[in-house]
C-alpha cells in the first residue's frame, strides 16, 4: 500500500553508563525512539564480567516485558530499534549485534548505511571471516575483532578507519559504552548527563526519557567513551565538510528533539511559515494531513493568518494489521485512516499541508474524498522540495521509479492529484530555515548532490532475508534466510542494510 | 495507573443490511468505532437460513483477519466493540451475544446500561432461565425468547417494554437487522443509506466508513427495522423527556461524527471558545494536552488570539503494554506518553487545555514536569464542568472517591496541581454550546440530576469475570469466571455491564 | 487421514469432594482421562459461596498451568475432557458447562449422548429457553433450572427423568458434587474414597491418580451425592436391562482401569487368547500393531506359544500436527508412525494383532510395507467382531459408509488388505470373555441391536461449530459458530454431541 | 525431576541429495530422529545458486509447517535436531549452523562433542574470528572458512584435521552434501540410496523414512561426498582403534535402526536374554518399565519362560508441560506417568526390567507404589552395567554426583530401592551381546576407560545460553544469552555443546 510506502528511517540507538538498572532506562529510551524503527528491538547490558543481551522482532513493548528486563542486569548497556520493510525481516539482523571475540564479548548497534561494504566483506571473507547477518554492525565487529589494539576505543578507531559512509554507532565492550559518529555526521547522535552517569542517543527526546540532560550533539567524526572516570572524547579522523541528514529535521526526528538548540517542532513550524511566505493562497482554513503535516500547518496558519483546523481526523487504531481491501476499495482504507469532516468542510477553500508526496496515489485518493464531500477548493503545500533521488546513507526511500516527483513536474503532479494549486518549499528556502543550513547538511535526496559515492555493487554474495508469508508467527520467521548470488545496485539494495 | 483511569465508553454498535460481503463493511465500521471499546469485538451475519458469528478478546484488528471475515457470509449483520477494564475481561461477555431460541437464532449487541437488571434477572431465573454472561444483552435475548409474538419486531417491543435504563441495540434475527434506542436516547444511534441497502451505527463516522450517507439520528424510543422492503420505523413507547449523553459530545464521540447537523469537532472547538470567553488569561501560547484537549485548544486559541502550539508531544507507541515503573518512577511513564518541548516552552506562560481532570495525579505530574523545564506560568482550562457523579447509563467513570472534583473545590484542585490558575467551563455555558442544550441532554455526571433512578442492588448473584494475572495467553483467560454472591451498588458495579 | 479415523470416545469426567486443593486433584485426574478426549478440558470448583471455572481448547496440559489452577480454589469440584474431531471444535462446547440459575450457579460435565434432545430442545425453546451450545449438558442444566425442587439432587432427578439415552454426568451445585449414570449404564462411572473425602470418575485409573481407592462402580440408574456427611445414593428410576458399552472394554478404557474387579488389561489379553483358540495359525511370531493391539497380542502369544515380538515400532512424536503428505505419499506417514524392523521380519511368518479395522486403507498400507520388506506370510487377527453399525450412545464412529466391514465380507476385506489370512473374534466368544458378558453389555456397534431407539432427527435447529481452517490461533477459533437449519440423522449428527 | 534426568542424546543429523523436494524428505527424516533431540530443529537446502534455511526451537512438528517447507526449495539439503535441557536453550545454538564465507554459504549440522574446543576457539579468536554461538558446528565452519582449498571436501579435511573428539557431521556447501565421521566413530552415521539420489543419517530408521535403502555404515574417519556423479568416499585420516558408542545400542538408537546388520531391537532383546541367563530368579511375570525396558523384558521373558506382562501402564500424554507437584507429591507425577495395574499385580512376584537407574529416586518411588498395591516380591534387572562415569563424546549424563551408581554399590542401591533383588548386566556379557563387542565400542560411561582425553577447560570465554524462566514465549527466549568468563570442566560443561 502506498500508505506504507513513506520513507523509513533506518534505526535508533541509545547507550547508558553508570545507572543502576540500565536495562530499564534503555527500555524507556527505546520507547521514545520507536518512530525510528519498528521491526526489531534489542538491548545488551553488562555487569562487567558478564554480558547479557536480548533481541526480538516487533515493537519495544512486544520484545520486552518485566521478566526479560529483569534478566538484563548491569549499570551500563546499549539498545537498538530497527525499521521494518517487508523483505528484510529476520531475527539475525536484529541488533545490538553481539559476538564473542579475542577481546571478549562485543556488542554493536548501528544507525546508517556503509557504502564500502562490498569490498570490506570481500576482504574479510578472504581472510576467513564468517558472516551471519546482512547488517553493517557485523562488519564493524569483524574489523574490531581483527584489531590487535588492547583498548576498545583503539579497536573502534582501527575499525572505523576502514569503513565509509553513514554511521552512528553504540558499542558495548570491555565494560565501556562508546558512541561514534561518522566524519560527515550523516545520522544524528547526542550526548547527555544522567544523575549518576551519562548517556548517548540518536535524539535528545530519548535523553529526556532516561532522565538525562542534553549536553551536546556528538560532533561528526567524534568518538565518545563513557567509562568509570566520566566521558572522554576522541577525534581521530581528518575533518571533512559535514553532511547531516536534512530529512531528519523535516520528517524523521521527533518534534520534541532538539538540534543546535532548536526543537524540531520549531523547525517544522518555520518550514510551514516559509512556504506560506513563498506560496500564499487565499483560503478558509489550513488543514494538516495528520500527523505528518501538523506542525508545518501550524506555522503556515500563523504566518498566513488563515485559521488552523484539524478537519481531517486520523484513526490511530488503523495499523499495519488492517485487512487489505481489494484494490478498487483502497478508498476505504485511506478514509478509515484519515476521515475529513464533511459538515465542516463542505463548501470551503482549504490548504492541505503535508511533508511529502511519495507515489501520489494515496494523496490523490484523499483529495478525491475531499472533493466528494464538497470541498470547494483544495490547495496543497509541501514543507520541503520534491523527493527525487535515493538516499545512500540510511534512509529507505521508495525506488526512484516509485517517487512521483522523480518522473513528473510539479504541474503534472498537481494535475494528477486534481488540485487547485500545489507548491513545494524550495531547496534554498528550506536550507535557510534549517539551523546551519547549507553548510552542515546533506540534501542529496532533493538535489542529487551526494557527499560520498557508494560502491557500484554489494559484492559477490548478498545475504538477504526471505520475504515471509503474511501471518506466520514471529518465532517461525526468525531464522529463514536466503543467500543469494547477485550483483546489483540502486535503492532496493539498501533495504537489507541498517 | 491514573493514565488508564479516564472514563470509558461502554460499547459501539453497527448494523448493515443489503450489502454483499456485509462482514467486510461491519469490520470497517467497527474499526471506526474502536474508540468506543477495545476489550472485545464481534460480528454476526446471516445468509437467511444460516447465522454465523465470531467474537474475540482484543482490538478489531486482533480479533479478525481475512480468513475469519471469509467465514462470515451474508448480506446483513451486526457488529459490536466492547470497552476494556482490568476486571471484567471475559470472552463470555463479548458481543454480539448469540443464542438459539424458539424463534431461531437471535443476536444482540448492546450499548448502554440497564437499571432494572436486578429484578429482571430475578424474575427470569424464577422462571427457569439460565444466564451465562453478565451482559445486559443476554437479558434482552431472554425476554425476546419468552415472547410469543411471531414477528421479531414485536418480540423486541415486548422485551424492551420490560427494561429500563440506557440502551442502543442492534438485533439480528429472522433475517432482519433492527436498531432500537431507549425512550430517553441516552446513547447515540444513527441511520444511514448504503448504495444497495441501509445501515445503523453508534456514530456517523462509522457510516462514512461503510459508504453510507447519514440519513438522520434514530429518535429516542424509536425502533427501526432494516428489511428487504426498506427501512420501517416503530415508536411503540410513550414519549418522555430526552436525555442524550452530553459526555459523548465533549469527550467520547469521534470528532468527525455529526449530531444535529454539527460535527463533534466544531462542538469541541466551541467549548474551547466558550471557556476562553469565560476565563481569559494573558499567555504566550495555548497548548493542548494531546489528544484529548486538542480541539478545544484550537477554539480557545482562535477566540483568544493567543497562538495555538502543540508543545507537548504525545508518543502513540506507548500503550497498555508498557512495563509499569515503580511508583516513584511514575514520572517516566507520564513523560514517555506526553513530552513537553523544553527549548520551546522555557520561560513561557502557557494555557493548558484538557477535557477532564480525573484523579488529578497524572495532571499534577505533567504540570510538575512543565515547571521542571522552566515554564514560567501554567494556567489550565477544562472544556466542561467538574465531574462529580457516577453515570448509571453506560459510562465507566472512576468511583466518586477517585474523582478529585467530587471531594475537592476548584481552588483545592488548583493548589493540588500547582497551577497559576484553573478554570472549568460552567454547566450553563456548556449546555449553551451543545446543540439542543439543556432540553435534550443528560448532564448527571456534572449535576447529579439523574433522569432515571437505578435499582438499589444487582440482585442475588453477580456473575463477574475474574481478574487474570499478567501474562496469561488470551485463550487461557477466555473462560474463567467467578460467580459471586454479593449485593452492592455504585459505580464499580457497572464495570461488569456493557 | 484414515489414521485419524479411529472411533473417538466422547468424554471423560471426574469429581472430587472434601480434598483441599481439589483443582489440583481434578487436574491430575483429567490427565489420566486424557485418552477419552483431547479437544477441550475444563474444571469447575467451589468454595461454597463462590464458584470458579476455567475451560479451554486443547490438552489438559495446554489448558491449565499452575497459575490457572491457583485461581480455582475450593475443596470440591468437577472436571471434564472432550474429544476432538475436525468439525465441532468450539470453546462454547467445552465443559463443564456452567450457568447461573434460580438455584445459583450450576456446573455439569457430561459423557454420553442423549437420544431425545430434539423434542427436549423443542419443548424448552417453546418455553422461552435460550441455547448457547450444542452440548447435552446445557439441556440438563435447563431442565434443572426449571425444577422447583429445593434440593439439587431432586432437581437432577427431575431433569434426568426427562432425558433418554446415554449419560454419565458430574454436577457441581449447591456445594455438592453429584454423579449420575443413566438407567442402562451405557457409559462407565466409578466411585472412590480419598483420604479426606470422596471422588467419582469415568474410570478407576483416575481414582488411582487422585489418591482414591476404588469403592465400586456406580450402578446403572444410580445417583450418588458427595456431601459433607459422606456419600449418599439414590435410585429413583425403574430398573431396566443394563447395557454397558462393550467397546470401552475392548478399545477405549485404559488398560489399568478395573471393571467388575477385572482389569481392562486382562480382558484385552483374554480377547487375544480367545481368538488364538478360535483361529490358530502357524507362524514365527505374534506382532501387535502398537499400541492398539499390544495387549491382545500378548494374550495371543501366551495362548499359542508363538513368540511375542514388538517388531513394528511406533513413533510417539508423530501427532496430529504432522504435515499431510500428498495422497500418493500416504505411505510415508503410515510408515513414520509404524515402522517395521526389516532385518528382523524378513522371511518370517507373522500374525498381526489389532483391535479394529476401520476404513482398511491404513491397514492395507501397513501390510503393503510389511510385504515390501520381505515378510513371508502376513496373518491378521482382530480382537473383536467387525464394526458394522453406528453408535447412538456417545462413541464417534466413522459413518457406516466408511466402515469397511459394513459393506464387505471378511473374505473381501482379507483380499483388499492382501493378507494370507484374516479373522475377527466372534461376538459370542467376545461376550464370553467380558465379565458379565451378554447380560450387561451393549454390543450394538457389532450386532446392530440397539437398546434404545434414537429420535428420527435433531429438531428444527442444529447449533454446530464451524470447521476452522488449519493454523488459526485457538483464541480466534473460540467462538465461531453456525446455526444451521437442518433435519438429519445418522452417525454424522453425533459429532456435535458430547 | 528425576524423570527428566535420564541421559540425553546430543543430536540427530540427516542429509539428502538428488531428490526433488528435499526439504520434505528431510522433514520426514528428522521426525524419525526426534528421539535424538527435542530442543530445536532445522533444515538447510540449496537450489545450487541460492541457499535456504529455517531453524526454530521445539519439536520438528512445531518448527515446521507446510508453508515453511515450501520456502525451502532444492533437491539437496541437510537437517538437524538438537536435544533439550533446561539451561542451554537458545535459537543461536539451533542447527544447521549457516554462515557466509569466502567459499560462499556453508551449513553444518553436528552430532557429538569436540574435546579441543578450548584451544581451537582461543586460536581462532586470536586470528580475529567472531563467535556467535556455543556449538561446535561454528568452530568447524570457521576452520573451513580459513581454508584456502578450493574444493569443499578439502576444506572439510583441513578443518577436521584440527579438531579432536566426537563428531558425525553433515555439511551443505558448494552444491554438495557431505557426511563425515570422526576417526573413532563415536557417533553413528549411515549411508543410503534413494530412488534418485542418496542420503545420510544418524540412524537407519531415518533412511527407511526418506525411502532410502541402507547401503552401509559410514566408516570411522570416513568422509562421503554426495554429488551429481554419485557418492565418493575419502579416508584422509590415519586409522585408530574404533570406539563407537555402546550406549546407542542399549539406550538411544531407535529399535528399528540397524547396525552391523542387526536391529537394535534384537540387540536389546538379547541383552534381556543375557541377564536372564546371568541372574535368573523365580517369579510370576516379567514386567518392563515402559517404554525403556520393554525390549529387554521381551528377551528376559523368552529366555526365562516367565510370562511377559505389560502390567505398568505408561501415560503418553504426560509430558514436560506437567505442572510440577510439591515435592511431597512427587508420587503423583511418577504414578501419572507409570501406573501399575493393582488388580493384576496384587500378590504377585514380579521382575521389573529397565535399561538404567539414574538417580534412583524415581525408581524408588515406582517400587514403593508397587509395594503399596500389594506386589509380593519385586526383583529388578538392568540390561547394562551401572553408569558411573561422565561421557565426553556427546551424551549428556547427569553429573557423577547425581549418578547413584557412581557413589553406591549394587547392594546399597538394592536397599535404597527396597528391592528383593537387583542385578545389572556385567560389562563382559554386555559386550559379548553387542555385534563387534569390545573391539569396536567405547564403554567409558561404564568403565571409565576414555579413548580420547578432553582438554582441561573450555578456555577464556564460554558463551552460554541463559536459563529462561518457565512460561516465556519461545520467540522471546530466542536470543537471550550470557557471555560468561569462567574456566571449568566436567560433565556440566558439555551441556552447552551439541
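As written, the chains take the letters A, B, C and D, and residue 1 is the first residue of each chain.
Definition applied: a contact is a pair of C-beta atoms (placed from the backbone, for glycine too) under 8 Å apart; a residue touches a chain by one contact, two chains touch by 3 or more.
Fair warning: this is a prediction, and the values are worked out from it, not measured in the lab.
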Worksheet entry | Farthest chain (mean CA position) relative to chain B | D
Fill in: Distance from the mean Cα position of chain D to that of chain B, given in whole angstrom
59
Worksheet item: Using mean CA coordinates as chain centres, what's the chain B-chain C distance in Å?
Response: 47
Worksheet item: Between chain C and chain D, what is the gap in Å from one C-alpha centre to the other?
Response: 36
Worksheet item: Which chain A residues touch at least two other chains?
Response: 65, 67
Worksheet item: What pattern do the touching chains form: line, ring, star, complete or other?
Response: ring
Fill in: Contact set on chain A toward chain D in their complex
42, 49-57, 63, 65, 67-68, 71, 91, 94, 98-102, 104-106, 125-132, 138, 141-142, 145-146, 461, 463, 466, 468-469, 472-476, 478-485
Worksheet item: Can you list the chain B residues touching chain A in their complex?
Response: 24, 27-28, 31-32, 34-35, 59-62, 64-66, 69, 205, 208-209, 211, 254-256, 258, 261-263, 265-266, 294-295, 298, 302, 307-311, 313, 315-319, 321-325, 332, 335-336, 339-344, 471
